[in-house]
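One chain, subunit A, links the two complexes that follow: it is found with subunit B in the first and with subunit C in the second.
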Partner chain A sequence: MRKAALLISLVLVVCCGRIPQNATFSDALPDMAPDYSETVIPANIAPLCFNITGADKYVTIFSNGTYQYIAKGSCVNIPMRKWRKLLEGASVSVCVFTENGGKWTRHKEFKMTVSDQIDRYVSYRLIPPSYQYFGQMSLRQRDLSSFNERLIYSNAMGQDKDKEQCINCHHFRNYKTDNMQFHVRIFNGGTILVRDGEPQKINLKTDSTLSAGVYPAWHPTHNLIAYSVNNTTQRFHTADRDRVEVLDIESDLILYDIDNNEVSIIENDSDQFECFPAWAPDGRTLYYVSTGLAVPDSVDRAEYLYANYDRFHYNLYSKSFDPDTKKWGEPQMVLDAYSINRSITLPRVSPDGRYLVFTMARHGVFHIWHTDADLYMIDLRAGTVRPLREINSNEVESYHSWSSNGKWMVFSSRRGDSNHTRLYLTHLDDDGHFSKPFPIPQEDPEREAEMMMSYNIPEFTVEPVSIPAHKFGRLIRKSHARGVTFRPKSKD
Partner chain B sequence: MVHASQRDSLWFLIPAAVLWAGLAVFSNGLISHLESRDLFLFTADFLVQKLSLPGGLLAYIASFLTQFLHLPCLGALLLALTYTAASCYNSKIYGIPATHRALQLIPMALLTAALVHLGYMAFKLKYTGIAFVPALGVIGATLATDFTRRLNGNARRHLWLTLWTLAAYPLLGFFALVGTLSSGVYLTVNGNRRTRTGTISLMVTAVAAAPLVWYLILGTFRPLNGWLAMFPEFPKGSGITYYIPYVLLALWYVIAPVIAHLLKKGNNKERTPITLAAIALFLFFFWCKDQCLNAELRMERAFEQARWNKITRIYHNTSRWRWIEPTRLMVMYKDLALIRQGLEGEQAFTLRDGSRQQKSAVRIPLTIQAGRQFYLHYGLPNYCYRWCFETHAETGWSYSSLKYAARASLLSGNLDTARKFLSILSNTLFYRKWADTQLSLTENPELIAQSNEYKDILPLLCQDNWLDNDLSMLEEFLSDYFINRTPEDASPEYWRVALFLAAKKGNPDLFIEFYQQYLSTNHPEHIPTHYQEAIILFAGMSHNTNINRFPFDDDVRASYAAYRKYLERNRDMREPDDEFRKYFGRTYYYYWQTLQYKE
Partner chain C sequence: MSRHIYKSTKSGWFFQILTLILALAIWLILAFRYGNWLIRLETKSLFLYTTEFLTNNISTAGGMLTYISAFLTQFLHLPALGAALWVSGALFLSYLTFKTFRLTSNRQIFAVIPSALALAAVTGLGYQIFLIDCSGWFFEPLVGSIAAISGINIFQRLSSLKFRLAAIIIWTLAGFPLFGLYALTATMAMILLTAKHTPTPFKRILSAVLSCATVAITPFLWYNIFTTETITGAYTAGLPYLANLPRATLCRLPYFLIPLYIMVLALLPLQKNNNNDGSSSHQSIVIPGIITVITVAFNYICWFNDPLYRTECKMATAVDNLDWQGVLDAENDFETHNPDRTAEPSRPMVLYRNLALAKAGSEGKMAYRFRDGQGEQKCARKLPLIHQCGKELYYHYGLSNYSFRWSMEEVARQGQSNGTLKYQVMSSIVSGDSKRAATYIKQLKHTLFYRKWAKRQELLAKDIKKMQNAGEYASVLPLMCIGNELAMDHKIIEVFLANHFTTRLQERTTPEFDRIALQFALSHKQPALFWNHLVKYLHSNNVSEIPVAYQEAALLYGALTDIPSNQLQYSNEVLRRWNEFQDFAENHPNNNGEDLDEYYRCYNDTYWYFHYFVSGITTY
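After this line comes the complex of A and B, so read on.
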């Protein structure tokens, strides 16, 4: 039926003289970037603009069976209103005609299947992919249903001359923005915690903990945030494709009780390096990763750890938790990566609690700098693990985040140029398989290729951040950050 | 008979020509450096990026013009013309009388002083197009006054001032506010008393409010910095002298209407010669006279052009003066240039060594100054790449960083990454050709080994991986790397460099060990003179070694004998003195003796 409609459309178009007649058929797809062929796309996504190359003239016909749109030129940019009409169908067929030397070719038609809605907003950090210096970095929020990108906060608003400021680890509670947080490091540092729409700056460092909070996990039902606390350093490879190795010299897990403004220890074994907490949706299990490496007393800890950097194999653990009594169970090994010489990071549980996606590479904790890092998924119900071959590439795949309906995942990858991280969207079907990933759409399809910044920590939200950037700026420029109290472990 | 208009033209033409010559001769290194640290792309994204900060249009146009500094003579001409245009326009609009012609040159002098005084700050600028921004900015400010002048009626003028401030601020930043103040002062001086209070109130309110309004709209900057957007920012601790020309420039534009007004009313006694002398003195004071920095910048340019003999020539010409002690960066440039020419064993120690501190209140690490260049040429592309990105984060992308990032990616086999940087450089005016050539290498990586640009680097390419950190200590890191991390299958070229660096270390055992490796891998027909000197020196120190069994040149034997005799005669010499230097300053003995003294 759809093919018939497309054929009729083509006939009409040809008759009307908008595309040339006598085009020869080709089995090859056109040279286009980004490649949106055979993807599953959200019903509310912004127009998927792309560039076609390799010919003198181009005509592209979009059709959903009842409505069609014809674009001319190598830069295919569909007006929003027309794109919305196209998305009303179950799928959008795309047929590209190219002309070379006066001869027209009709390329193999491809399809974009229109599926579930996606959370409208994705927040990320834009950073230069540097190591020691920060320069300008900003937290931004993109409306996926349009091309609008809004600034949440830029460190240019807070740093002054040589007093540089790093901003990181933005995190939202239950996909909403009235409870969110991000960290500011170094100059005027602290954690910016937005509670019921009111931002405040707190200092999570206590004398009894390694550092201020780092990687956060906001409890889904209670006013609690689990953090890792890390003493992180870096060294550089002289001749490896992975240029840098970022290691934790020490790391633990803490729990911040927002109501009581107190911090307590979750795990702090000195021979264990715990990191990346993630709550199960019911808030009764905390997943995290940990590795054990006993450092002899007689040696320099950092030197020893760097000499053994390839022995850092993080396993996946879980720990039961009663949010009412705040009592923790014993750590349970969920996945032993050490035994297969691999290292797990960034566990994230799907909103329905069925799947857990994590990043795994040969070793280490900072997989964004590990070329072999790929995404894997555990079916927690079936107890099976598999590499997500359908979305992995030869380059880094690292941070990932589920949409609130559990149907979409956004993840970061360096598959474009092996250096700059870009965001890709993929759809999960009922059988637990992801669709072909595609980059978040841009109005100028070349923007991603040209841009010299990396995307970092993509997080979905269902609503925009309503606090204006200058309000964050005003708070951050104040040097004061409210301290927290430390609650020691109870003996029982 | 010379007409007044011709005289006016000549008046600006002569200083412009002098300025052109001065910049082209004395500051060509700086001009070239400023270009290499800048970037202009013919893309919409680049424009949008620039416009996202107040003063973005100014930065965009300045970066466009900065690309022409690629050819220093043309760049100097462009700078001279821009500065002259700023001066000319200023004197025309504010009406500086002909009796005080020298005052007409003040903007030009201040702009020049701001540029030539930069010194080492040129390595730390978080600012693009610095050579052109102030000039274009004050031209913009003058434009505001020009338009104000042409309007009739205070209401119109006030409306214009308000619109100008609000609309020009995001485009010109600080200089838009200078324009507002300048126009306001012009109206106050030339207007009637009744409207003065209104003008002043409007001017102050507009200047105070515009950055805040735009802060709320853009939100991309610190509000306190808003009033100084596009006003150069130097690192903390760099001192106030860098700011003086810029402050005076802004001040001049604000008070120029007052000065012009007073001069018109006052006596018209010619004071040009005195003012000219003062301007010349001011310029002399501000012109960077650091010979070492100038040499470093010229060597940097020669380095980019792989003109190795020019580097040694600059080094020789600078260091031959006794009062100029070379900096470590100069020594490093010279050493690498000699290595590339295969002359390190013959000439490295004939040229004077040195370690003069940077004449800068803020120390610039060598890794920031030239880390990427040296790491690439000594075969450590990963570290080159790292410093490209550190520099990028610190001071923004530049032609130079992109070039080195592309080269490092090519050498480490990251062809996709190399393509990205090269495709960006393909959008530039002066690097397009180079980028296209390199892009062809990404399509045919097997040709990299034959490329003139890489054939000398490949034999040094680091093959063994380990984790390390240079801690921003470039020279020490490279030296330790070659000496302590020698790979088992090191190439002859690697041993040649390692031997040279071992000679520089001055450790006899180390040198002898590396010398053996050098002999067995390089099979030299003639042992370079400095290595003969080192061997004869170290063998002589070991009483068990019979130096007669080594094939030393007669000259070396003679110089060593003279050296021994000198030391015996001057047993109480505590440090290498002038006489010792006179006789042995061109030998390895002198270098080694100096090293012992330092240690």
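After this line comes the complex of A and C, so read on.
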């Protein structure tokens, strides 16, 4: 019955002249951007608009087997309600007709498979890709089911124009926004910690730790946040394609106990550089990366480290943890990247605890500036590691986050223009394979492609940040940040 | 009565002619004396013919003001046209002020003052252009004032109090997002005019309270709804945020005076009034005359008049146009107009000139014919050279990564501009990253004056052979011959460049690189460094005659060290002067006072003078 209805509607449409007739078939896909062909898409995603080029006229037919939508023109923008109807099917097939010199061509049809729901919100930092100056940067939250983007906080709100303020490392507890944090650096610096919906500014730096907290990992069940503390510097390549090298001169790991407002050491070996903590979903294992490089006492530490920058090979470690007693086990090496002259960063465990995805490049700790940085995945159950060839590109792949159902991953990549990072979504199937990645949908893809900003640190949440940006602004403008106490390691 | 009208008409004609003469003078000064400065301003601003550019601009308070001003600023690319547009706008503003406030003809000088203040607001910029977002800044005070006074003009046509109050509220709510503080200025003037013409005190107070509340609340509402700026930023929307350089207070003054003056015009009884028009001929000339003198004097004081700055702008424009002779001509002009030994060139001038000499291949012949120095810039060295000429110098010295880096830093500090886009394109193409270049080429294709340039770059990015022969790349590629180094310039570009070129003796380099390395080696005044680089230079560069500066250095360092320099061929002239110099040194043992003057007079064009007497120069 359905098929008959579709056939009748198709015949009607053809008869009415909306679908070009006498078109010749082409095996090639149309010249379109972004390329959504053969992707797996979330059942609740916003319309996947794209632009087609290379012809005089265009007709695009979307169909899910029961419902059809026809778009005309090079800018293919599907109305929300019609798109929602299309997503009700198991897949959406797309057929593009192009006309050149009066002759129509029917291009190879492609399919978008509709799959699991995705967390509705993704938060990120939007920044001009500079190195020392910050310009206007903002934390924003995108509703993936629509094109709505909301400001969480902009550094223009907490400072006058002649003052520098960096905002970074936004992080949420268990995909919810009532417990979240981000850092403000330099002018009126501190960590903005939202606890049960109430923001406060704290200063995580103590006399016994290297710096204030940097890369965070919020414990899934307890009021604890693991941080790395880093003394980070940068230098610039005169001729290399990777323009900058960002190194930690020192780094350790600390644990912030929110309830007791205490900071304690997790790892602080002076010859080791620990970084990027990430909890397993049960909160009983902390993954992190670390490298060892003994610096002779007689030399300048920074000079020595930069002279050996290509010897920084971070391995992946884990450390057991009892959240009730706050007792740590010994570090265990999970993956030895040093032995293969590679360096691991950004371990992130899937919500079911089975997979761990990380970024790996030849050396170093700041892979966002390493062109060869790619994503890899460990199957923690099978104990196997593999490069994620299905989603990697020739350009940088770096920061990545799992969705709360573990079915989706968002990651940043410079594959677009090699300079600005954009966010890509990919679906994980039951066999542990990711689908072809696609950029987060935009109402105007061309405008998005020309935007001179980078997307950083994408993090999924299931709800929007409800705190008004001005509330953060008022808090940040106050110079005071509540201090924390340092709890030394107990001798047992 | 008719006698008075005649007198005022006569004085009116006098001031109209005076205004036109002043306008012509300003156009001539801007277009010709400050033409390179206007070009510099234009390279530091941007106007794109895209909807995104429009929406980005109008999403901030006062955004339409910036958008219109940025549109007009692009015409500074042709300084005569840009200046003509500005002067025409200023004349229109004067006419609008005259009509709006219904000034008598003998008081029309009061109508010129907003334009004069707008001129003072922009000509005082100086080195601020390297610190603030310049897109539209040059036209903003003018466009803002025109918008404000146009609003008042329309408002003046309303007679009913109800309509006037409604107009104030609508104007403020709609005008503030478009024109920022200038719209609020108009509102304040409207309030004053309403209060002035409202008969009953109660209504007067009520209307004033309502209107003032609208002025106070509108930026606050904007701040809370659109959440993009600080509250101070919301209340000063449309005004530039000036850095605390010297003269910053003077620079800010016109911006405060413009709104203040518009309110004064609304308040004071300057309008047409037949009873008051009976001023004596004495008053009709003298008072406006005094005001004219004060206005001209104020503008003269505000105008950032610095020959070093003007020369730097001229040189920067020539560098952007690859006009190396133009750079040297600018230096020559400066030397001609400042023969006094105390008037030194500034560091940017020295850097631009040395670059031009190197690019023209005459560094060995002419380097010491120009003076070195550290002429005091009127920004008290608060502005590192890297912000003024970093991306340009790095690019032309073959450090494309560093040029790109400082372009990106400039974008973060000041926003995207034509200048940064150009260097982002060139540094990407020369590094072989055509994908990256395409992003910036696309942007430049949305501009009016760089579209053609961008299309050319698009072709060059696809055709390596053509690119290698193109002027903007041909002289840069040979300098990119050396291996990678991980380094940090600490924002001190001059030291970084000198080290970059003089620490690569062991590497395989090109003749072009060796020439520049020797040029930098000479500046170090270290004999060993000189000899090593001279040997490398002679080895790679097939020179028939060693350039004069190197002969002079060889004679000097041969005498100062044990290294025999007599294997080199010296010209008779150099040898003659060297012998003379030695005799001169014996007879003039002091390096100060009259002896120093004598050394300068006789040997300031030699490396010997540089070696002995040019010292204590600090870079920043």
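Heads up, the rule we're going with is that the second predicted complex is superposed on the first by the 480 of 492 C-alpha atoms of A that agree within 3 Å, B and C clash if a C-alpha of one lies under 4 Å from a C-alpha of the other, contacts with A are read in each partner's own complex, and residues count from 1 in each chain.
Here, a residue touches a chain if its C-beta (ideal position, glycine included) is under 8 Å from a C-beta of that chain, and two chains touch if they have at least 3 such contacts.
Worth saying up front: this structure is predicted, and the values here are computed from it rather than measured.
Visitor: Which term applies to subunit B and subunit C once both are placed on subunit A by superposition, clash or fit?
Guide: Once subunit A is superposed (C-alpha atoms), there is a clash between subunit B and subunit C.
Visitor: Taking the superposition as given, does A:H470 touch the first partner, subunit B, the second, subunit C, both, or neither?
Guide: A:H470: touches subunit B and subunit C.
Visitor: Give one of first, second, both or neither to describe whether A:K327 is in contact with subunit B, with subunit C, with both, or with none.
Guide: neither
Visitor: Have a look at where A:R381 lands relative to subunit B and subunit C in the superposition and call it first, second, both or neither.
Guide: neither
Visitor: Which partner does A:R389 reach: the first (subunit B), the second (subunit C), both, or neither?
Guide: Neither: A:R389 stays clear of subunit B and subunit C.
Visitor: First (subunit B), second (subunit C), both or neither: which does A:S130 touch?
Guide: both
Visitor: So, does A:R482 touch the first partner subunit B, the second partner subunit C, both, or neither?
Guide: neither
Visitor: May I ask you to decide whether A:A239 touches subunit B, subunit C, both, or neither, giving the answer as first, second, both or neither?
Guide: In the superposed model, A:A239 contacts both subunit B and subunit C.
Visitor: If I apply the document's touch criterion, which positions on subunit A are contacted by subunit B in one structure and by subunit C in the other?
Guide: Shared contact residues on subunit A (touching subunit B in one complex, subunit C in the other): 128-135, 151, 154, 156-162, 234-241, 243-245, 306, 309, 417-420, 447, 450-452, 468-470, 473, 477.
Visitor: Residues of subunit B touching subunit A in their complex?
Guide: 43-45, 53, 215-216, 219-225, 233, 235-236, 380, 382-383, 385-386, 389-390, 392-394, 396-397, 409, 412-414, 416-417, 419-420, 423-424, 461-470, 481, 485
Visitor: Please name which positions on subunit A make contact with subunit C in the complex.
Guide: Of all residues in subunit A, those touching subunit C are 128-135, 151, 154, 156-162, 234-241, 243-245, 306, 309, 417-420, 447, 450-452, 468-470, 473, 477.
Visitor: Quick one: in the complex, what on subunit A touches subunit B?
Guide: That would be residues 128-135, 138, 151, 154, 156-163, 234-241, 243-245, 306, 309, 416-420, 444, 446-447, 449-452, 468-470, 473, 477 of subunit A.
Visitor: Can you check the complex and tell me which residues of subunit C touch subunit A?
Guide: Listed in rising order, the residues are 50-52, 223-224, 227-230, 232-233, 241, 243-244, 399, 401-402, 404-405, 408-409, 411-413, 415-416, 431, 433, 435-436, 438-439, 442-443, 480, 482-489, 500.
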